[in-house]
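Below: one structure, written as structure tokens.
Per-chain residue numbering starts at 1, and chain names A, B, C and D are given in the order in which the chains are listed.
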Amino acid sequence: MGAAPKFGAAFLFKRLEILPLPQLASIPIITLSTPINFDFSTISINMADFSKLTEMAQQVRRDIVRMVYNVQSGHPGGSLGCTEFFVALYGNVLKHSPKSFKMEGKNQDLFFLSNGHISPVWYSVLARTGYFPVAELNTFRKLNTRLQGHPTTHEGLPGIRVASGSLGQGMSVAIGTALAKKLDHDDRFVFCLTGDGELQEGQCWEALMFAAHHKVDNLIVTVDWNGQQIDGSNDQVLSLGNLPAKWKAFGWDVLILEQGNNLEAVITMLRKAKRRCGKGKPIAVLMKTDMGYGVDFMQGTHKWHGKAPNQEQFELAMAQLPKTSLGDF
Amino acid sequence: MKLEDIVSSATRATRDGFGEGLLELGKQNPKVVALTADLLESLQMHHFKNAFPERFFQVGIAEANMIGIAAGLAIGGKIPFTGTFANFSTGRVYDQIRQSVAYSHKNVKICASHAGLTLGEDGATHQILEDIGMMRMLPGMVVINPCDANQTKAATMAIADYYGPVYLRFGRPAWPVFTPADQKFEIGKALMLAEGSDVSIFATGHLVWTAIEAAKELAAEGISCEVINIHTIKPLDETAILDSVSKTKAVVVAEEHQRNGGLGDAIANLLVHNLPVPIEYVGVKDSFGESGKPVELLEKYGLGKKDILWAVKDAIERK
Amino acid sequence: MGAAPKFGAAFLFKRLEILPLPQLASIPIITLSTPINFDFSTISINMADFSKLTEMAQQVRRDIVRMVYNVQSGHPGGSLGCTEFFVALYGNVLKHSPKSFKMEGKNQDLFFLSNGHISPVWYSVLARTGYFPVAELNTFRKLNTRLQGHPTTHEGLPGIRVASGSLGQGMSVAIGTALAKKLDHDDRFVFCLTGDGELQEGQCWEALMFAAHHKVDNLIVTVDWNGQQIDGSNDQVLSLGNLPAKWKAFGWDVLILEQGNNLEAVITMLRKAKRRCGKGKPIAVLMKTDMGYGVDFMQGTHKWHGKAPNQEQFELAMAQLPKTSLGDF
Amino acid sequence: MKLEDIVSSATRATRDGFGEGLLELGKQNPKVVALTADLLESLQMHHFKNAFPERFFQVGIAEANMIGIAAGLAIGGKIPFTGTFANFSTGRVYDQIRQSVAYSHKNVKICASHAGLTLGEDGATHQILEDIGMMRMLPGMVVINPCDANQTKAATMAIADYYGPVYLRFGRPAWPVFTPADQKFEIGKALMLAEGSDVSIFATGHLVWTAIEAAKELAAEGISCEVINIHTIKPLDETAILDSVSKTKAVVVAEEHQRNGGLGDAIANLLVHNLPVPIEYVGVKDSFGESGKPVELLEKYGLGKKDILWAVKDAIERK
């Protein structure tokens, strides 16, 4: 999915100079170590905040690799590729209350992860934004953990509203909550992330058809368009063909994000998506990412979809992801 | 109650009871919402839809999506009732129910009509005989199969007051109504219909009436049957069953379902762990159904009154 | 789906004068009472044959209404709407052997009915083309019949290769047989009919995506685009939106047949579809039909999707479908 | 055979046996074709794919479509083997299997890996514990759960010679191998592993080895267990089971499955009809699984060696 620029804060800041950020006006500085508890989406972001998010992304990548390494199982590839998305969403876009998580999420923005196998990035971001103690990342995939291999409500982990893992189900659930919001005249948004390989599941197209017909226009579905799945690239396994044409033919308002590993671009796009809501169509963001982004030997290949690094590989990866002020779990 | 006092003055489809109950619920509880997958009137959901159009969702022929949407509505605090044929309510969407509803413990009511052979002429592709078996294997799922229209209405209303996933199974044909219209429905509480001493007949759904008829005939022959309506297959009323069996020491289980995996196996499971006694099943013997009239089919596939008579005699003989 | 012209042989013959039929050359005349046992598709059709097919269509309509009336159950609407399709297919397009039906169908054209509820039209056409005795139509939906409510192989009825009734499965099966033909270097075609409401099932889109990716170009899927389903029109229930755009976005070669109740137009289109095979794409024929076509009070409405006429309605219908020389069952 | 002679010299995943068997079949029988839904190497199907690329079909993440395509290939005279995880081989596609394969009696082999708790870290959404129950309810379906890699290989090859739908279940982890590499697999013929007189242990899949270990320990305590490998759950070897039980009069059933609906219920069903005796189940007690290491999970959920020991003692005590 396009040549991947080398990852690093330096790179992002260089891009920052070129692309104008929407209103870099001065607003109160948020320390990310304090839990985010208000609506970022109504405000713009300043340089200091942005650099905090950049740092968070770096830390999340460290978390992902360590979590998977620790238990020698889990899915680093998609997790690394979606790091900017999760950091942007939880760090800037969502209106949410990490410290007082409620299942119903009235007057909050909700998020659903349909491609549940990329739980590591979600768990890390949930912890880093205050949903549960960062130390709990240590329990990932271990017996009795709340951090199950695939996300679940069964063990009561704050931040999760439905189990996923068996692919293809998340969009339907997201639609249901979006309908509930409409019934309750709650004008907040419902977000959902789905894999691209996942779109081979028929249920996804049932959901697309429904959302268009019923004008579910408080719903923003992002596709992790990394071009990869377990057995190879999408094109090798079962081509998605002209993906934007498919979504458009199914009646969605389709946005294409070419730089899904550029934090600024992701924030800008998700805000744009929110502005497109309420106009009678569900919104799709087809987000090009690099699987394994940030760890050179994991990057751009399906081979690290669901494989854990050995000790040597772990050290190599960590060397590419320097420590941050947030500290490891 | 005495057997001869159990009489039926009218016939009505159990799905009619569902439609009525759902409408009533709509009035009582604004959280109740309903969904169908292009089978509005078959499920008698048009009453609800007409009264509460904004709380009704037509999903089209997309059952998997319907289950997911229902789970989402439940997250948003609604009490969704999904409605389609029993086949498309279970086997078509098992994995969706498993993950998004059962494992996620969502307050979704999966309402399934046209279960079993009595669906009739549409034939085997539609006649699901494995749905009870599938649903009872799911941890946390409540499985209910009421016996007549009145009880179906009562069950429909009762499950809205219970928080958690429920599978409610009912049928297509007009069927004798014999339970009191005002009888409260208690989830998980078996109903003693007639006490007896020679054999316990545990029946569910349409076959409860058949069991009553059989028991009346057997009474005339001097055989005393205890007839118990197991409207809730899960959680099973273990106490009621064990109490009855410790007295009678012989069991017949009657259900419109495969003999594999259904109420028969649920009761056998309980008894082999606690009180192993002879059991006879009245159910479909590991075969698909076919097109035909409901009663014709029940007879051809061994679910008629005479099949219960024989089963009772066999069970008693094996004591 | 467009205003429905009044049905009748006269109407068809009038159209025949206007539209040139491909090569109305003289070829041996086939009596339709003798079973069709060779490849119509390699030859053209003459006037006499065409008039036999027209008569057959008329008789098939009579059969449909009587079958459903007899048992007071079954699906007349879609059956009547697809009469021309079935008569064209079995009477002219397919290479098949009614008298020596074989499951594998090596070197034959195969047909799969995915929307199994319209079994009446299929059973009638199978009987009328020699697969089994016409008298057996009397047993439709009765206990112990081979003519089950929905088509099945379970009772061994010649002509049926897989059960259908639970919607959404037929295209997948058709694809499988098409792949088997390719493996065996058998260059015949696989046909499949699906409902339009049926396309709401996600499995259909799985099949579409697969067939395009794997270049299953010996497959011709026709959609009974009658715009109706059980609970109303497609648009009321769950709109299919821009259906041709959807099929094209899924990578199919899409043909649109505006006059699916015009026998000549159907024959012409199915032949055209065969010529489009072998070019790397599966072929779709989006065929506009009128549900209930041929019986005025059943026509153009979802209300007769699955309803049987009462005696009065039956007589009214039969009066609109005069007897033919083929005789009733 | 004597218990102490049953030893394991190596461990190997049952799915490895499947991959090997499939490759072998590919060489022997040109009609054999294979399909996967984006889980090629998990199912060890890359051996077949590499050797016979033209007979291999990658379906992508679309299990329903895979089942239909397999049915179509079977119509065309092929012998298709579908491969995905057990969850996505059953619950995800039950209605497709039911209509296009089982009811249509198509020669499709549904091969399912990563069944049960021993899937491990992926957790409950992937750990199907209801698949045996689902598949055994389907008329005409053969249901097989071999115990080790050798038996899985033999079963894979045997089912190609049988005409009709088959569900073949196997697992993910390396597991003790103890059956002879050259042992022929006979569908529906239970294998007597050790004769005994106090109790019959019927086990399937991974738990056969656990049963052997438990029986060895019990032998040391003077309890004589008959251990029988029920690799075929359907058709059930009724004669072998009844013969054993008429001798021992007490039963333990061990399976990596829910206690509801699986082999336990299949055997209970048989025995309550013929020979009611006390039965103890070793299986998951109506709950979902979770993430963890295979053996950890088996122990936590009551499927360990000690659970079999206790079950045997309970069963004998209840005689």
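Heads up, the rule we're going with is that contacts are C-beta pairs under 8 Å (C-beta built on N, C-alpha and C of every residue); 3 or more make two chains touch, one makes a residue touch a chain.
The shown structure was predicted, so the numbers you read here are calculated from the model rather than taken from an experiment.
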{"item": "Chain connectivity with chain A absent, coordinates unchanged", "value": "one piece"}
{"item": "Chain located farthest away, centre of chain B as origin (C-alpha)", "value": "A"}
{"item": "Mean-CA-position distance for chain D and chain B (Å)", "value": "31"}
{"item": "Mean-CA-position distance for chain B and chain A (Å)", "value": "43"}
{"item": "Distance from the mean Cα position of chain D to that of chain A, given in whole angstrom", "value": "38"}
{"item": "Residues of chain A touching at least two other chains", "value": "152, 154, 163-166, 168, 200-203, 206, 209-210, 213, 238"}
{"item": "Residue numbers of chain B (touch at least two other chains)", "value": "59-60, 62, 64-65, 87-88, 92, 95, 98-99, 103, 124-125, 288"}
{"item": "Arrangement of touching chains [line / ring / star / complete / other]", "value": "complete"}
{"item": "Touch list for chain B against partner chain D, complex", "value": "87-88, 90-92, 94-95, 98-99, 103, 124-125, 129-130, 133-134, 136-139, 251, 258-261, 264-266, 268-269, 271-273, 276-281, 286-288"}
{"item": "Complex interface listing, chain A residues touching chain C", "value": "168, 200-206, 209-210, 212-213, 238-242, 245-246, 248-251"}
{"item": "Of all residues in chain C, those that touch chain D in their complex", "value": "103-106, 110, 152-154, 161-166, 168-181, 183-184, 202-203, 206-207, 209-210, 213-214"}
{"item": "Chain C contact footprint on chain B (complex, rising order)", "value": "36, 38-42, 58-62, 64-65, 87-88, 92, 120-126, 288, 290-293, 296-297, 300"}
{"item": "Residue numbers on chain B that touch chain A, as the complex places them", "value": "33, 54-55, 57, 59-60, 62, 64-78, 80, 95-96, 98-100, 103-106"}
